[in-house]
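Read the structure below first, then the notes.
A, B, C and D label the chains in the order they appear, each numbered from 1.
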């Protein structure tokens, strides 16, 4: 039995659901999940569908037929995946270790359907954690003068290991456009505030200063505009006047790791779809 | 333009989605919402669908065709509603006023797509609120000796006003089987605990005694088993050791009214479907 | 038996708690609640204390003694209240009714230890609600040309009724400096976003456009800087891509009324203390 | 400079705060934190206090004076700790690894002020994790026939390493009374439900069956009554009908590890105090 995931967005018009589901059914496929959404304002149709086939199915052939019979006439942006396929994930870190420990703990515990061929860092500090968990660790320093050089090394490593997507686990460097373009909507960042509040540096300090009663964390895809990419997941924690900045940072660590982990899970389960700088989340 | 809501549950088999959506499409209907779920354990297929027809459509005729062409062969339990149809809601209260104030405030503010032909109470206390909001108020005392009599009066009033569903807004009497049978999955109760914890009387006292750190409220459909009906909505609030029972009761008031209001909204939007003592919530 | 509430902030130094509690104890008072906090960064000591006296106590005399023996030497900003004293609250509204219904429902249900001598509005629309709940309603139009005139009328009414604090229950006008100065940290506003995100007009539209996964509401004291006053309370609700702006507005109504009600409760229980544009909340 | 933590509970009477704070002040100590609570129902006074002394202070002498001058006359249960003192923590595990990974990640990241001299397990499975993090791992099988033997080995190891408290990180064995008595209110368990709902085995299965809309986790001190000990911390997560039991278990993992970590932090910061089977949490 083979299982496929289909993601679509296209101009909204009548008959899409009926025609797509008939396409599956007529090939003896069974739809096990369908979630659809119409963006009325922009007249855009969005759908995620999971289907199973009893018979052996050639994914390449299915894609060609789908393209020819449906995708073209409905002007679809679409992707079709085998549900069994494991994504290759790269992790970028700097000096904070809590997100890295959390991701690697989940990885070893079998929570994440990925392989992790490499961890890249601009500092040496977390190399010992990579070693504990048997993941190759690449120390690539970044500074103003060697920026282009670092980017080149990054792209080589990512290409060499056939990386599908990148997780910035509190990586404290701005990602250059070259990498963003090579991984469109495939770089996941965790920002330690409830965006759009407190974008930029030192959000916990700003939150403390403003006297907010709740702090947050936001995971989003990286785009050329800093902290402006499509949001995948957010969560919050209550604080009070009695919490110091240090307390906020400590409380924030738990938020950051949980929110980032949820975003990674949504991405690897192919439950995200981006358009107009928004992330549709299928549940 | 007319809009319909279709709710289905039936044994799971291949082709249901394809056939139902084709049925709509072939009548020049457009599906604006579809949400589906397969209960793998029990092999049950569940779906909610909203569709729009440009042409004038005869709901009765559509139902007949649907029944003949699809419902019978798939052994469906199904309902089809006009989305414009307003439900008639009865409210039962005793002495607590917070849920009643909240529901009537929402009603007057246009939040609830219902009409409220009557409020029934076993006490006179809240009559003045009904009067403020211009809703007929029926005082029907209930006691061991006149229980059957009260039930008869209730059923007469409910039938006379063609009531569609009942909301127990902290009504402190057990609903007799006769009324439950007349309104299957159409009586909504609010219980002031996080069920199944603290079922029965005085849940805030029990919560206080147990030293829980979180209290809750649960809205559910009423069945013959007390506090055991299918859950529609739940929510919680944090408490601490410093809260007295009185504090819990006060904090609980907000929980109760919000959770009950959400359950009423889900019910009136036809976003609930009950089977196996569980409530499917379509979002 | 009489009960008093004491609120203090002053430069931090050793011995304050010991001396204040001895002051109470030596007058045969019993401390039933004490909560204290030291702002280490600014070296400020903050305390809230509730005490009971078996004997009849002259509040005025107690205040004089406290001032002479303690407040002066420790350079305290301090207030002492009789716990029995009910505050006089004015409500300002425009056209949105949900917060007004909620406040008046709570008021009638006995949840709020206040009297409400008047409701002021720049529109006539909500007069019927004030009437339902038997509260005097004053329609005072505000426009560019008659702004100063309106402010004068507001101040007259507030003074005439000896109003202690003002609640802006979605009042859609900027409060002029004259009123802010007359009610420092005594005007409570509800802003329909998670401040500092989406300050200013149309926050739900901005939230929708940004694609956030969580919306919020913020209650704060009004200062001369719009939406920049000290925050009293915040809360949030999860949303998804499938929610329209209209859905956000509807979901937001519940948030707004709950957050505003909590802020009013904290204020009337004398559990707030403002300094450095932050609100200390005693729990 | 030395910092001490004082925890007290005793019959409520006038003057305790005044006398205790004067005791500190007269020894040139400065109170940096005080939180107090009166259980009115049972007339019990509870307090947590942190104080700093500029001068070198002999903790033993301070304790003796406190005992003589205050503790005896007020019939206090009390403890006084040096804030610098690190607790020795033992971890018990079986086969689930998520809580263990989380605790050890926090430990290595410096979040927990403890040392971890040993991990004890009734299975060999998680030995490799202990090894990764360089913690001695003791495999002590438990079965009906060798129960007493296992208990003896446990107590020997705990005594040998001078263990202060035990964390059951999803340890799937009932703790014998001998160990509970040796560690009163010093064994922290994580139960994978919102207690008192779904006590006992397989709570996720029961939650699924009941159709709850929210699941929870509860951390509590272990007493002789299974799942009935004083609750330290609880939290919840929203679920829907579409979540399978497997999904609940996965979602629950995050809840369990966060709730357990918070409970450990509260315990090691000496912010918990137990009486009448309730845990007072100082914030």
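Operating definition for what follows: contacts are C-beta pairs under 8 Å (C-beta built on N, C-alpha and C of every residue); 3 or more make two chains touch, one makes a residue touch a chain.
Since we're looking at a predicted model, the values are computed, not measured.
S.K.: Of the pairs A-B, B-D or A-C, which has an interface that repeats that of C-D (more than half of the contact pairs shared)?
M.R.: A-B
S.K.: Measuring between Cα centroids, what's the chain most distant from chain B?
M.R.: D
S.K.: Please tell me the distance, in whole Å, between the geometric centres of chain A and chain C computed from their C-alpha atoms.
M.R.: Their C-alpha centroids are separated by 42 Å.
S.K.: How many angstrom lie between the centres of chain A and chain D, each centre taken as the mean Cα position?
M.R.: That gives a centre separation of 36 Å.
S.K.: Residues of chain C touching 2+ other chains?
M.R.: In chain C, residues 240, 242, 283 touch at least two other chains, as defined above.
S.K.: Show which residues of chain A lie in contact with chain D when the two form their complex.
M.R.: Against chain D, chain A makes touches at 97-98, 101-102, 105-106, 108-109, 111, 129, 132-133, 240, 242, 250, 253-254, 258, 261, 283.
S.K.: So in the complex, which bits of chain C are touching chain A?
M.R.: 37, 40-41, 194-198, 210-214, 216, 230-236, 240-242, 244, 277-281, 283
S.K.: Any idea which chain B residues touch chain A in the complex?
M.R.: 14-15, 17-19, 21-22, 24-25, 28-36, 38, 238, 283
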